[in-house]
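Take this structure, written in structure tokens, and hold onto it; I'll ask about it next.
By letter and in written order, the chains are A, B, C and D; residue numbering begins at 1 in each of them.
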Amino acid sequence: MSSTDRCLPKTPSIARIVSNQHLSGGIYRALLRMADDWGPSLPGQFVQVECPPREAFAMWRPFSISRFRAERHELELVYGVVGLRTLRLSELTAGEELCLIGPLGRGFEAVSGRRPILIGGGRGIAPMIGLAERWRESLPDGRILYGARSRDLLIPIDDPPYAVWLATEDGSAGFKGNVIELLEAAIARREIDPATIALYACGPNRMLAALSVWAESRGVPCLVSLETHFGCGVGICAGCAVPVRPRDGEDAFARYRFACVEGPVMDGTRVEWEGVAE
Amino acid sequence: MSSTDRCLPKTPSIARIVSNQHLSGGIYRALLRMADDWGPSLPGQFVQVECPPREAFAMWRPFSISRFRAERHELELVYGVVGLRTLRLSELTAGEELCLIGPLGRGFEAVSGRRPILIGGGRGIAPMIGLAERWRESLPDGRILYGARSRDLLIPIDDPPYAVWLATEDGSAGFKGNVIELLEAAIARREIDPATIALYACGPNRMLAALSVWAESRGVPCLVSLETHFGCGVGICAGCAVPVRPRDGEDAFARYRFACVEGPVMDGTRVEWEGVAE
Amino acid sequence: MSAERPPEERVIDLGVELGPVRLPNPVLVASGTFGYGNEAVDLTRVRALGGIVTKTVTLEPRSGNAAPRLHETPSGMINSIGLQNVGIERFIAVKLPELLALGVPIIVSIGGRRVEEFQEVARRLEETSGIAALEINVSCPNVKEGGLEFCQNPASAAAVIEGVRQVTRLALWAKLSPNTSSIGTLARACEEAGADGLTAVNTFVALAVDIHSRAPIIPSGTGGLSGPAIRPIALAKAREVVRHTKLPVIGVGGIASAADALEFLIIGARAVQVGTASFPRPWLAAEVVDGIGRFLREEGETTLAELIGSYRDPRA
Amino acid sequence: MSAERPPEERVIDLGVELGPVRLPNPVLVASGTFGYGNEAVDLTRVRALGGIVTKTVTLEPRSGNAAPRLHETPSGMINSIGLQNVGIERFIAVKLPELLALGVPIIVSIGGRRVEEFQEVARRLEETSGIAALEINVSCPNVKEGGLEFCQNPASAAAVIEGVRQVTRLALWAKLSPNTSSIGTLARACEEAGADGLTAVNTFVALAVDIHSRAPIIPSGTGGLSGPAIRPIALAKAREVVRHTKLPVIGVGGIASAADALEFLIIGARAVQVGTASFPRPWLAAEVVDGIGRFLREEGETTLAELIGSYRDPRA
């Protein structure tokens, strides 16, 4: 049992919106006031949210914890508007309430003895900032690699805990290329030594797949926060299964892992990425 | 073709909430600002409303036009909170928008040469006030009979166009009894002569049924605004059918009338009330 | 510079052929959900429709079932109308001329209790002109006598089609019931009996109970479920029909948007019908036509034919 | 003054007997929708449940189907899990002891491809103790081999029940498929084959297509539809089962509130199962138990037995 298992909540929580702000290109940040006893949590863990209106949506949906400020009992979610739920979320205003369960699942835990390279793609940058804040004291030599399609889609990062290296596909800000190319360039310039780092990543599954393949070829540990279609988020529906390569001696059952309880943070190098939807 | 048929609208209207006010015991009044060319309408006609939120409710629902102030383009609906849609309606605030179609159906038209007795039960009083306002000049000797369960369920009527006689079941205001007993009492006191009146009624189907039976036995014309379960409100689903006694020479088909296009105002004495849900 | 129109202005011909029937576009309104077809004239661009399937007409007038006839359920609706209609005589005298004047293909849905009744209705319609096709309703779950038998028994459905085939040269669509283990078998039986097209599907037998009175909400007991709730099941059934016959298939069940209609076309339906979704929005079917055109342009498809049947079936 | 408790405090015994099985109340969680049964322990008052039906267990471990396995539809969900499970050996060694320790009746759902496989699983479970009943899953629409055959063919379903009956004295519930014309016939076949109870129903075969890729959203094609969307159809099916057999019936399909559960009990189901509704609210089944008690008190009913089968069937 990992430390996070003990966080399993007994009841849904009522969260009050403190603020709900547009960041850039369809991406929003919601700050939620939680009950005093909520938490603790790790970046990479998630909450299942009952998106309003209640009558419209039977299923709840997962959102990553981008950070949780325990002193203020404030939970931060960063989300992109892609469908009706996230549209309705974006319309919530301060004072309104949300019902959610969490923290759920396994978050990011440090690979000991390795310099952390945090990689965020798109809105996936948010939990990476939360993670960097957590590790800034204990693991001060980390870096953040932040990839986006273009400058106008970048989410502003105030006071980053680690140095941030930018990559945009169109070169409109920072390095022109994707985060793997940025990583390769840093290695070429000897700013990063693949033998001493571990990768922690959150972003589109396509990016995580490419990164995991790269990491495996270089023997670099690579933890990724995966998104699949969750039915329940609590391990009872078997809907979120992710195919992994069973280790020797494991039987066929071990081929699928539940992203909601055995993830969402998983060893990217063991995932069979062809079996994961984009 | 009656005059109201020509009002059939070509497109749904966007109405803006001017006010939405609690009246008494779960009953609300919404004032909606309509487009300049909306209307004309008759009390007893109705609108099909897309109750918000759009994603939650596939079907639209009917609400009677309680009055329409053409000068101000303001449509008044009076509604009771009975389920989710009407609950959501009651939460709307000034400035928000509603989508609706109307005016639809046949409203109240005067039986010529008869003194109008308008009878409202519960929230059914609302269109009766609108009707009285319309007729106050042309038919000045009308009366309003208003029945409710008790005093605290009464909807306030400011500046009534006709004299209002109250009846409450528990006697907490006005006459103790129902509107038929009130009517009988008025006849006994010779304030009303059944040979010269026509009844116009809106209220629970049970009340309308009793009133219609009474009216038939007395030979009094009786128009009632009926509520059945509407699927469309525009004559295409056949869901709203009301059984009527066919006149001689009419075939079986004539047994059911569509309340949405051949009503909601119908000749109560021809309705087979056993076939109408309460 | 090239003189080509920008892609968003390309006009794509949405015309479609279903055996002997040619429709200006693949979006019809479903039987019983658009009145006879002329009631909603003021509420939608009727001329934009691919066709109108009338309310089912029977030999004699029918008064229909008791109230309430409708009950809303999650994303759906149970109905038990009971085939209320004016009867074939009045239909031909009064309704049909009005319908034909609308200028869109008219498909007349016919019903009956016995083969002879279907035949008689078809015979009368054979004498008229202008009708695009007959849709044979062998699948109404709400008529006590015989209704459900036709649904579940391929042989009796086939007998109806065969009987009607004998008395008319009009194109015949068989409207199939989903309340069967094997809609493929039912489809094949209708094909062999002489149908020219298959409409899939009618409503699903459904029940709702008033927990206080302990009685069914629909007085006669069960009714038929329609609306978005059934779409995924209807789509699976329509796909079965496509797989089991060579006839053109008309998909119906829960379509409430162009995207929904596209699913049916992609799995191989050559046309679709919009039913329950017209109740709140009588103009929806016309919007679906627009939406299909827009989708084809966006996807760079040049004809509807490319879309129809483009399904990548993992079983194929 | 009388010493009677005010009515709202009267405690009503919700206990119910289903043939040889006694449950503390009629609300179970459905197979495959509550993990093995212990996963949601921290999320609900497990002890409040009438029973837990486990995820279907097969002889060998199964890895299940490819992702995505779930797709949301209007008021429902399509799933294709493919019976992912640890296999009977590990189930008995690891899961069962944890389950039995929960202190609620445990019904083990078993599956297989052939009669012998079902038998072997049942034989192993016969050797354990503490299980309240076996639920025989002869109705999973998502397993390629044999799955759908069992559903549609009363004879093969009966063969499985008969086979299992031979190897165990445990109470047997047959879980019926709704994907059949006549669920009554299927029910009767299972009754004659020796079932002690009938669970009605499993999911409906359903399809959803990605209009851009033209592929099914569930990689293997069709999946099973569950959730509130199917409730009216499931209720009609459950009523058919009640009418056609004397066995206790366990109703399932789209239950998401006490009112929904009451509909099933009123039409004659002796117990119900909550499935998909546990996903967003794992505590829902426990709330349904409370709600049923409250309803009985409000209606002045003194026992659950008065409620069960109180349906006023217009056909009766």
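Observations
Here, a contact is a pair of C-beta atoms (placed from the backbone, for glycine too) under 8 Å apart; a residue touches a chain by one contact, two chains touch by 3 or more.
All figures in this text were calculated on a predicted structure; none of them were measured in a lab.
Touching subunit B and subunit C together: no chain.
The most distant chain from subunit C, with centres taken as the mean of CA atoms, is A. Rounded to whole angstrom units, the spacing between the C-alpha centres of subunit A and subunit C is 47.
Centres computed as Cα averages put subunit A at a distance of 56 Å from subunit B. Look at where the CA atoms of subunit A average out and do the same for subunit D: the two points lie 36 Å apart. Residue positions of subunit D touching 2 or more other chains, listed in rising order: 74-76, 227-228. Taken as a graph of touching chains, this assembly forms a single closed ring in which every chain touches exactly two others. Pairs of chains meeting the touch criterion are A-B, A-D, B-C, C-D.
The touching residues of subunit D, when paired with subunit A in their complex, are 32-35, 39-40, 42-43, 55, 60-64, 66-72, 75-77, 79, 81, 84-87, 90, 227-228, 256, 276-283.
Of all the residues in subunit D, the ones that touch subunit C in their complex are 73-76, 78, 151-152, 179-182, 204-209, 211-216, 219-222, 225, 227-233, 235-236, 239, 254, 259, 262-263, 266-267, 295, 299, 310-315. Residues of subunit B that touch subunit C in their complex: 8-12, 48, 50, 58-60, 101, 228-232, 234-243, 251-256, 261, 275-277.
By the touch criterion stated above, subunit A contacts subunit B in their complex at residues 53, 55-57, 84, 88.
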